[in-house]
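Two complexes, one shared chain (subunit A), two partners (subunit B, subunit C).
After this line comes the complex of A and B, so read on.
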């Protein structure tokens, strides 16, 4: 059979696309003007009016462009803050470990790195999380003890996002299962109240509870550092969002799955663990990735509690007297970091969508 | 033939669940006991009596009359009103921006689509707090100090506030309500007439322009006839600052801008998805039936888009209301930052957080139930139209 020939090349299509109707023409003109202006402003700031890193810091005073020397001087401060300078390898290692592990999980769920069994990933997580705290805090294995108030910058951002998400995930799955099942109606109610309540509060209020109320609930004369308190609050907060995503996956499964497993004689626990959850989790992955992106971005809200994550150390970098004019440089650093890391997460999300739409066709 | 399943036997009470819930309650009680002990140790008795005490701190701005001598209860009310005001302004801005950018990103123009895509991707991949801090720095550094205010007519822009003229309300202007009421009554009559004609003859008559004309012209003509004084208060520069008019702080504008940009991007995605979800065949079929482009939009595209778009939109609005709490990062006196200040002053985190979270929860519930009701009515109406 002769394959259908492709349609003929459309003529004057470009003109029609840009200026087909008056409204289209207007949109095109305005958008093109905006795009040109933004490109020019960026180019001017980054290259034309900018000062190269070889020029001394004094030249930057009063310049309208970027001061690239600023990054030479302040990058390490923005990354690790007031952590003792000689020990910077420790937060660097923690950051790399957490980033590498997150990247592995991201690649694995898009269907790459097949040799990596989920069980191995779980073991890795269980190992890396305490390791991160030991490396950062020291006081063991010959490492000098560093107080949590000096944990700053990138490692704090990653601990409060990656570790909080990793710990919130199992809790979220458990909540989703509790809300989905009908065997223990009281637990089901409790899960509903918890999930819906948590989702009704702004994240800032939950963080405030973590930092101000949680220390009060401890027995007198025990202390908890704000970073740990925030971490705990974040785990409980994110879990409610993950629970809703996973529940979406559980609800999308046909009843026959449950019935078939039941008639094979599988117990309730085995039905959940071997039949329902694996399918539900893989169905809810795109929604979960969306929630993870949101949770990761919102981590920087801890700034309002005086915890020094990356955004906060960037602010500190230009808050010293004499450095005030470099605010845009400092925030650009944080912005580029978030754009890059979120681009990876969005890519994972798109890959999952593609895989799922392929499966359903 | 199928038999109905036998009636379920009354199952035993859920002992496991009850036990777990009891354990949770017990541990919460223990934690509560610790709170009591800790507060006693700090010399504070838990309770809400402090709400009537004098707050003693000033707010950057307030919609109700407030000064530092007022009680904590009144500060919280002022903060709540600021949050509601910010939320409403944010909803309008985000919706406007979102719908505009959503339409631009499905327009045939490649440049428009590119701008739409860039906008959405940029603000979906940046934390809102970073956007807020950047806007704040730019506004404080970029705008002139109060002595060299940047003025557009009676509007004055400075790096602390924006000053605008307002209409001063006066008892004598209450007369304007009479023609307004008449106009509303006439509009309702016109609406009923339009419905009747539509039902009996199937003809459409203009409704919106007539109502708008009525509501604008009646009070205007009346006001001119009896010469009601319409006093405005215009900001003017006095020795140190502008006096008169209304003042919006730069903090408010920055938070508003952040909420608008951030949620605008999310709403743009929702709108884009909604429009793309209408199958092309629907539009072609409507055109083939001879509907004009306006009618295609009005009767074929819009109802379907609304149906898809409204539920995620409600979600966005509730999120926006919750996200107004980021205002604390720049010090706009919203509910969250007011309660943060009170916590620092009184050492009553538990009471204050219970109040604050309860108020936020209430706000979100009110907003979502209002919008869900609107959604139900819209659905009922479009379903009725299809019959």
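After this line comes the complex of A and C, so read on.
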């Protein structure tokens, strides 16, 4: 059906919204000026004063616009860092796999791709996580072994965000259930101590404990690479936040759900798995998406441990002597990446809110 | 899964060491068995080691990794150069997961006494200094009382600062940030007043600022920093490193570079006896090759693939580079020019 065209009053409404009172008029004018200025500055940097990638690097010296040639020269380095050049397909494949899987989860929880059963997603995760490590590290299936110090850039960012979040989620759910239940008071107390303790530490402290203290607890002669130690620390850290989100969902359920399940003769485990958790998880999804966005952006903090994620490889890209003037280009690359990926995550969050408000009305 | 992988590679390394015949040395044998030399450098030290667009480390320190690979494996490209932070790289070398380090490590008495480490030869003589923003209006380190200092944790830098400030009766505060780029960022954004490091590192790090001219390096040099190649004890490999470096210094004395070595070798009969002893087919270096288990032309390969000491210095740090160091004004000048680089006789 063709929607009816808006009545002519609409134009007057728009005028009133923007310039109805002197204050709105002033605010409108100021924001329009700021928007114009920012657009112009961006346009100037990206197009008007910019140098096309066909021009040699030397021309970029002293230019006020973007040097697009920089991306031609340094994109692969910023994405994959010091990973051997000829083997770049491996981190590229790992990054694509992890991104695709994250996108699938995002689309599925907003109600798209109905054919994709949650069980299939779990199987995919269980398969892809070890596959990512085998592809990156090699030493098996005819792949050359690559030391973890060469795992840089995008794949490390994704391993420490996507995989850490994927592993932290089940742990978080388990902690939430332990904290919510009353059958085993000792476990309940332990979960409370763990969650509150973990949430009481700043993330950087947890990371330092992971990298400097965790190795001391291992038997002598075993060494753990900073990437693995950080991954473990991040999993335990994020889990405590996810646990609180899920517990919020569990507590919001009316007692009648629990009682109804019991009166049907379901055991405690089945009540949890079939009745309470599915409802609690769907209620806590918006909060979980929030935590995920935070966790994802915090990943760049690992630079203090000498791990070179995307932000750090971008810095290295302009550390090469003579390249220092391209700091803006390098940071813009990282900025655009985080803008795009976080835009997707917040889109997922908005969709979830929309779905829930539809449901509750 | 990855933990298991780690364990496997550790046990594989132990097995390889145990199974190797004992005539050379454990490290030499391991390098040859893997046909690759694992060498650790700092991940971001402009001029010394920084990855290029293809992710390969380039710089003054990285070239000594290449020197070792050219000497032992005959191919500088077989150096597996990895960027690892300071304290991690020490642990990695002691644990036997890397063959050597070329990352501006100061040779000190207690470090040398550590049984897991062997310092070999000083590639760069440096000293510690202070960098401050011009806006601080300080012209001497004696005016830094009460300053906050950004410096590397676990390095000799902090100890030197403690000594020096203590001797002057001045107080200071340390901003301890492990990662170098993060630390520099903190300094450039004004989080600390003073950035302390080796003077040449300061010259290089200043280039990372968007406005290098806004920072000055104070005249005081408060320590001696002989930056030295490090490995684990292995007599043959240590000798290969030491004499590989001496080949580069001797080439420097005779004006031999990677560009002209082929013409020198083609016309060897008309060269000085010292040059003949270095590159002849039956010479001091071939004698050494037989004893150390190197290829006969190892000295030639070093100069051909890496260059002389002066060439490497000028390529990465010299006046033509953004760092603009004039070698003859540093302690790294040739001994004939009043510097500390004294070529040992190859005979």
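Here is the rule we use: the second predicted complex is superposed on the first by the 335 of 361 C-alpha atoms of A that agree within 3 Å, B and C clash if a C-alpha of one lies under 4 Å from a C-alpha of the other, contacts with A are read in each partner's own complex, and residues count from 1 in each chain.
One rule holds in what follows: contacts are C-beta pairs under 8 Å (C-beta built on N, C-alpha and C of every residue); 3 or more make two chains touch, one makes a residue touch a chain.
None of these values were measured; they are calculated from a predicted model.
Novice: Should the superposition on subunit A be reported as showing a clash between subunit B and subunit C, or a fit?
Specialist: Superposition check on subunit A flags a clash between subunit B and subunit C.
Novice: Taking the superposition on A as described, I'd like to know which of subunit B and subunit C A:174 touches: first, second, both or neither.
Specialist: In the superposed model, A:174 contacts neither subunit B nor subunit C.
Novice: After the superposition on A, what does A:226 contact: first (subunit B), second (subunit C), both or neither?
Specialist: second
Novice: Classify the contacts of A:327 with the two partner chains as first (subunit B alone), second (subunit C alone), both, or neither.
Specialist: both
Novice: Touch test for A:185: subunit B only (first), subunit C only (second), both, or neither?
Specialist: A:185 contacts subunit B only, not subunit C.
Novice: Examine A:308 and indicate which partner it touches, taking first as subunit B and second as subunit C; both and neither are also allowed.
Specialist: second
Novice: With both structures superposed, pick whichever of subunit B and subunit C touches the larger number of subunit A residues.
Specialist: B
Novice: Using the touch definition from the top, say if A:216 reaches subunit B (first), subunit C (second), both or neither.
Specialist: first
Novice: Check the residue A:316 against both partner chains and state whether it touches subunit B (first), subunit C (second), both, or neither.
Specialist: second
Novice: Classify the contacts of A:83 with the two partner chains as first (subunit B alone), second (subunit C alone), both, or neither.
Specialist: Second partner only.
Novice: If we overlay the two complexes on their shared chain A, which of subunit B and subunit C does A:113 touch? Say first, second, both or neither.
Specialist: neither
Novice: After superposing on chain A, check 6-14, 96-104 or 132-140 and name the one in subunit C that bumps into subunit B.
Specialist: So the stretch of subunit C that bumps into subunit B is 132-140.
Novice: Could you give the residue numbers on subunit A that contact subunit B in one complex and subunit C in the other?
Specialist: 303-304, 315, 327
Novice: Where on subunit A does subunit B make contact in their complex?
Specialist: Checking each residue of subunit A against subunit B gives 16-18, 20-21, 23-25, 27-28, 31-32, 34-35, 184-190, 197, 200-205, 208-209, 212-213, 216-220, 293, 297-301, 303-304, 311, 315, 327-328, 331, 334-335, 338-339, 342-343, 346.
Novice: Name, in rising order, each residue of subunit B that touches subunit A in their complex.
Specialist: These residues of subunit B touch subunit A: 14, 16-18, 20-21, 24, 31-32, 34-35, 37-39, 41, 104, 107-112, 114-115, 118, 122, 124-130, 133-134, 137-138, 141, 322-326, 328-329, 336, 339-340, 343, 349-350, 353, 356-357, 360-361, 364-365.
Novice: Which subunit C residues qualify as touching subunit A in the complex?
Specialist: Going through subunit C, the ones touching subunit A are 1-3, 5-10, 38, 43-44, 46-47, 50-58, 80, 82-85, 88, 91-92, 95, 97, 177-179, 181-182, 204, 207-210, 212, 316, 321-323.
Novice: For a test of understanding, state which residues of subunit A touch subunit C in their complex under the given definition.
Specialist: So the residues of subunit A touching subunit C come out as 73-74, 76-77, 80-85, 130, 133-134, 137, 139, 145, 147, 149-150, 152, 221-226, 228, 303-306, 308, 312, 315-317, 319-322, 324-325, 327.
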